[in-house]
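A, B, C and D are the chain letters, set down in written order, and residue numbers restart from 1 in every chain.
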C-alpha cells in the first residue's frame, strides 16, 4: 500500500492505495465521487476525463500513486457551490449536448480544456479536439455547438442561445 | 491489473539502478500504452519505475542546427512548442496527431520511442529526420534504433535521455490514420537538408524504415511526382484485418507524395 | 495466417531430424521458452513467455509431432494456455531434403489465438506469429550450424 | 399550451443533474459488505467441455464461491427462454435450443460465460479465475453469415441437423418467380448488412442483494424497462414468485435496443444473491461488454426487383440469412420478419412480395434488436433496388422513386401492415430543396479541383415504430403539490422527464418543476409496464398520460363542481384551473380535496390519481419516414469516404419537443453512419474469434466523422394515435446508410462500380476502384 495525497476540487484528500489503483478508482471508490465514469479499457472513450494539474487527462490511464501531490478537478468541481452551472455545463444543456449522460462528465471536462487552450476554435478544430471522447447518443452535433458556445460564454460571460427552428 | 511495486525515480541514475535491481521491472513513462496493457493483465512486471517526474528528462532546446527534445517531454509540449514549430514544424504536426488531446497531455516522446509500436508516429519522425537517440549509455543513430516489431537497439536497463533532431531545410509529415484507433496505418516523414533527402515510414512495416529509392528520386527532384511511380514491395509489409500489405504498399507511395507536398507548402 | 519459409542448414538431414525431437534444442529455439519436458516420444510440455512490446504473456502448453515421415517431414503442433490472456496455437509443416551435405528445411506454418489476445491484439497477432516463427527457425538453423560445425552429432 | 407545452424546444430537466456528476448509474451503487463477481468466459468459439476443475481456484485467497452450470442445473435453474415464435410455411416452428446461464457441456461462442466467481475483490476473482482448469476439446466453428446455411457448414446444434433454425417465407416462391420471368426489367443484388456492436457508453453492470427476512432479492441493472426481464427470471427461470424479485434501473447510459434482454449474467446475479449472505456487484469492462451484449444486424441477402415498362415495381424478392449467433436471444430470430418484413417495400408500392428469412445459428455472440431492429436492413435493400432500377431504366434516382412512391393512405403492405400517413413525394422535394440539390454539380466541380470525387445520394426510408401495443402510465398527486408520473416506459437518454412534463403542462396546466418522473423500479412501475424501445414512448406512454389526464379532468370537474357548488357539466378546465360560474379552483386544490372524503361528492372516492392502461388498436404501429441526402467526397488515391453535406427531412408526426426530436434523429444518423462507414465487426471465419473487441479495432463514430447536419421536418401527424406522434429514434439508422452508400457510389460513377458492402472502409473502396480500373468491377 502507498500513502497518497492530492487536491481534488480544491480540497486536500489522502488515502492508502495499492500501487495498481487507478486514479479513476481512487476518485470513485475511495473518495466516493461517482461523476467520473469508466467507459472503456483502452483509453479511447474519454468518459473518465478529469483535469490534472489544469489539463484534461484520462483518469483511467494514470495510477493514483502517480497523481500523488497533484491538483485534480472532476466534474463535481465545475459548478458553483450554489448549483450555478459552469458556462460549459450551461452550454451543454442549452444545445442538447447530452442524452444518456454517461459520456457527459468527461465530455464537459474536455470541452473546458479545449476552450481554455483554443478559445476561438472553429467547428472543424472542435471536432478534431473531441477525437478522444466517444458519445453514442447525440451524434455530436449538440456537443460541438455546446463547446463553441460554452467557449464563448467562458470568455464573454454571455452564453449565446440556441436558435431553434 | 496484477499488483507491482511502484518506485518513483528522482534521477536517471536512480531509475537505472532501480530497473537493474528489479526482478522484472518495467519503466513507466507516460503510461499511455503500458497502463492499458497492465489493466488487461497482459503483463505482470514486478516493479514499475516511474520516470515521469524526473526534471532532467524534460525540455526542448535548439542548439545550432539541432533540436533536442528530452525523453519525458510530452506530445502536447512538442506540438505546442514555439521552438519546435520554428525549427521543424512537421514534427509539431506529428506530435499533434498522436492519440487525442488527453493522451498528448501524458504521453512522452521517450516512452513512445522506446515502445516502438509499429504504428506509432514518432518512429517515422525519428527515421525520416535522421535523429539521434541519446541514452544513459550511448548515442544511437535512427537507422540503427528500430530493429523489429516493438524492438529497438536499447539494451536491458538502458534509458532514453533525449532525441536529437538535425534541423532540415524542409520536412513534411502526414499520416493515414486507422479509423478506430487513430494509429498510423501508414505515416511518412520526408525531410530535405541540402541535397540529402530522408523518407521515414511508420505503420506499414514491423518497424519504421526508410525508402532509399524515394530518397534518391527526391534528391534529384523534390516534388511529389518524382516518387509517384515508386512502389514499396508489399511482401515486407504488415498485413492485418485493417489493411493488407498490398494496400499499405500503395499507401506508402500516396502518403509519401503528400508528405513531400506538405514539406513544400 | 499462413507463413512459410525455406532455410539451408549446413548439417546432415538425419542430424536435423533428430534435433526436432530434442527437448533441449526445442527449448533453445522456441523464443521465450523457459522449459521443455518430454512426455512421450513425440510429445512435450513447454512453458513459454511471449513478450511483444508491453505485452508479456506466459503460456503453458503442449507440443507434439504429428504426421511423421522420418526423416523427411512432420508437423510440429503446439498449443498454449495463457490464462486470462487466452490461448495460442500453431502448427508448422516441416519438410527436410538433403542437398549434398546440407539440408534444406521448408516450412509452412499457421497460427491463431483465442480469447483476449484475439479480441484486443488482433492487429499484432499475424506479425507476432511471423516474428516468432522466423525467430524459431533462425535459432534452429544457427544451432544446427554450430552443432554440425563442432562435430557433436 | 404556451411556452412549456407541446411543440416547444424545452431544455431538459434531466440535464443539470447529469451535467454536474450527480447522475446515478448502476456502477455508482455500492452496498454495505458487497462482494464482487467475475465471469470466466470461453476463449473458444466452439468446444466441448470435458471437465472443469475449480479446486485450486476455490482455495485461492478471497474466493467465496465458484459456480458452474452443474451448480445452477442441480439447483433447478431453467434455461433462459426465448419467447419469439414463428413457423415455416409448412408449419415447422423455430428451433429453440436450451440456453443455460452458464455454458453446459459445450461452449458455442467466444465470450460465453463458463464460471461465476464470487470473491472479496475483483482482483481476487480474476486471480482465482486463472486457477480454474477447464479441459476444452475444440470443435470446428462457423461465423461467416453467408455460409451458415451451407450443407458442409460446421453445426452449432447437432440435433438440428443444419444451422437453419427457421425458414420463414411470406408465400410460395413460385408466385413471384413467374412475375420476374415476364417482367420488362429486373435487377438483382447480393449484399451483407454488417454486424454491429451496440456499445452504449455505460458498460454492463449489475448489483444484487437478497434480504433473508423478507425473502426478496433486488437486482440493480441498467435496462430499457426491466419488468419483462425480472418477470422472466422469476417465473420461467428460477421458478419463484414474481413479487419476491425486484429490479431497479437507475440512470442508464444508453440502450439502443440491446439493454432489456434476459442476459445470463442477470439471471446469475439474482440466483447467486439468493445463495449468498452479502450483496454482489459485477461490472464488465468494455472488452467483456463486446462479447456479452447482444449484437445487431448481420444479414446476408439476395434481393431482386421486377419492373414494368414504365419503371413501376411489379414484385420484389428478398432472401435473407440472419446470423442469430449461438443461442436465441429474445427477438434475434424473428426481427427480420416482424421488424423488417412488415414494412418491406418501405415507401414504395410493391404489388407482390416474396420474403424469405433463414434464421441461422453460428458460433458468435447472439444477435438481437439494435436501433431499428430489422427496419434499417429492409430500407437498405429497397433503396439499393430503387437505385439499381433507376440505372436499369436510365432515369434519375428521384424519378425512379417518384414513380413508385405510395401516395394513398392508409396503404396496406404485402405483410398486412397498414401505413397510416405520409407525404413521400413532398418530403423528397423538400429534401432536394433544403439540400440544394440543384447546386450539386457546382460543388462537385469544386471538389474535383481539389482532387476529390464528390457524389450525392438519397436514402428514403419508412419504418414501423411503436413496438408492443400496450403500456401503462400512472399520475399521482402528492400532498406537497408535486405530481408524480409512474411510468411503464423507461427513459435512458430520451428526456422523458422533460417531455412528459410538457404533456402534463399541456393537459393539466401543471408546472414542469412540480412534475417528477418515477421509473425503472418493478415495485412501483405500473402493472402494464413494458418499457422503451422501438420509438414507442411518446406514442404509447404519451398517449397513456394524455388519457389519464383526461380522466383526471373529468373526475376533477365533479370534485370542483362540488367545491364550487356548481353543476359539474358547467365546470370548465383551462390551464390548471377549474371554472364554474364566477368561481374557480385550482387543480392543486382539487387534488388535495380528493384526498379528504369529506370534500368529495357523495359516492365518489379519492384520490384524483389516475392510471391508464393504453392498448393500441390491433398491431397498428406508426410509420416515421423521411429522406436523407448525403454528399460525400471520395479520395480516389486512398479510398477514404468523407461526408461533406447532410440534409435530413423527417416526418416524425407531431413534434412534442423539437430539441429532443432533433437529438433522436441525430443520434440515429450517427449510428447509421457508423454502420455505413466505420463499424466493422470482424470475426475470424475459421476460429470464430471476435477480432474487433475494443475501441482500438472497432470503429466508433467520432465527432470528426460528421459535418453539421441540417435537420428539418415535414410533419404529417399520425391519425392512429391521440398525439399524432411518430417515432424518431430509428429514422437516422434507416435513412443514413443507403444515402451514404449511394453518395459514395455516385462519386465513383466514372468507374462503374455497382456495389460495395458496408462499412465503406478505405481499403474496400480502394479495391473496388482498382478492380474497376482493371475491368473487374464488382
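In this section, a contact is a pair of C-beta atoms (placed from the backbone, for glycine too) under 8 Å apart; a residue touches a chain by one contact, two chains touch by 3 or more.
Everything numeric in this text was worked out from a predicted model, so none of it was measured.
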Of A-D and C-D, the pair joined by more C-beta contact pairs is A-D
Per the C-alpha means, the centres of chain A and chain D lie apart by a whole-Å value of 29
Distance in whole angstrom between the CA centres of chain C and chain D is 48
Rounded to the nearest Å, the gap separating the Cα centres of chain B and chain D is 43
Between chain B and chain C, the Cα-mean centres are separated in Å by 32
Among chain D residues, those touching two or more other chains are 123, 126, 285, 287, 682, 691-692, 694-697, 700
Multi-chain contacts in chain C, i.e. residues touching at least two other chains, fall at 83-84, 116, 120, 122-123
Chain B touches at least 2 other chains through residues 1-3, 39-41, 181, 241-242
So the complete set of touching chain pairs is A-B, A-D, B-C, B-D, C-D
So, in the complex, the side of chain A touching chain B is made of residues 2, 18-20, 22, 41-44, 46, 49, 52, 55-58, 60-63, 65-66, 110, 113-114, 117, 129, 131-133
As the complex stands, chain B meets chain D at residues 1-3, 39-41, 176, 179-181, 183, 241-244, 247, 250-251, 254
Interface with chain C, chain B side, in the complex: residues 26, 33-34, 37, 40-45, 115-119, 148-150, 181, 206, 238-242
Listed in rising order, chain A residues that touch chain D in their complex are 20, 28-29, 33-42, 44-45, 47, 74-76, 78-79, 83, 85, 89, 92-94, 96, 98-105, 108, 123-124, 126-128, 130-131, 133-144, 162, 164-165
Interface with chain B, chain C side, in the complex: residues 52-58, 83-85, 116-117, 120-128, 131
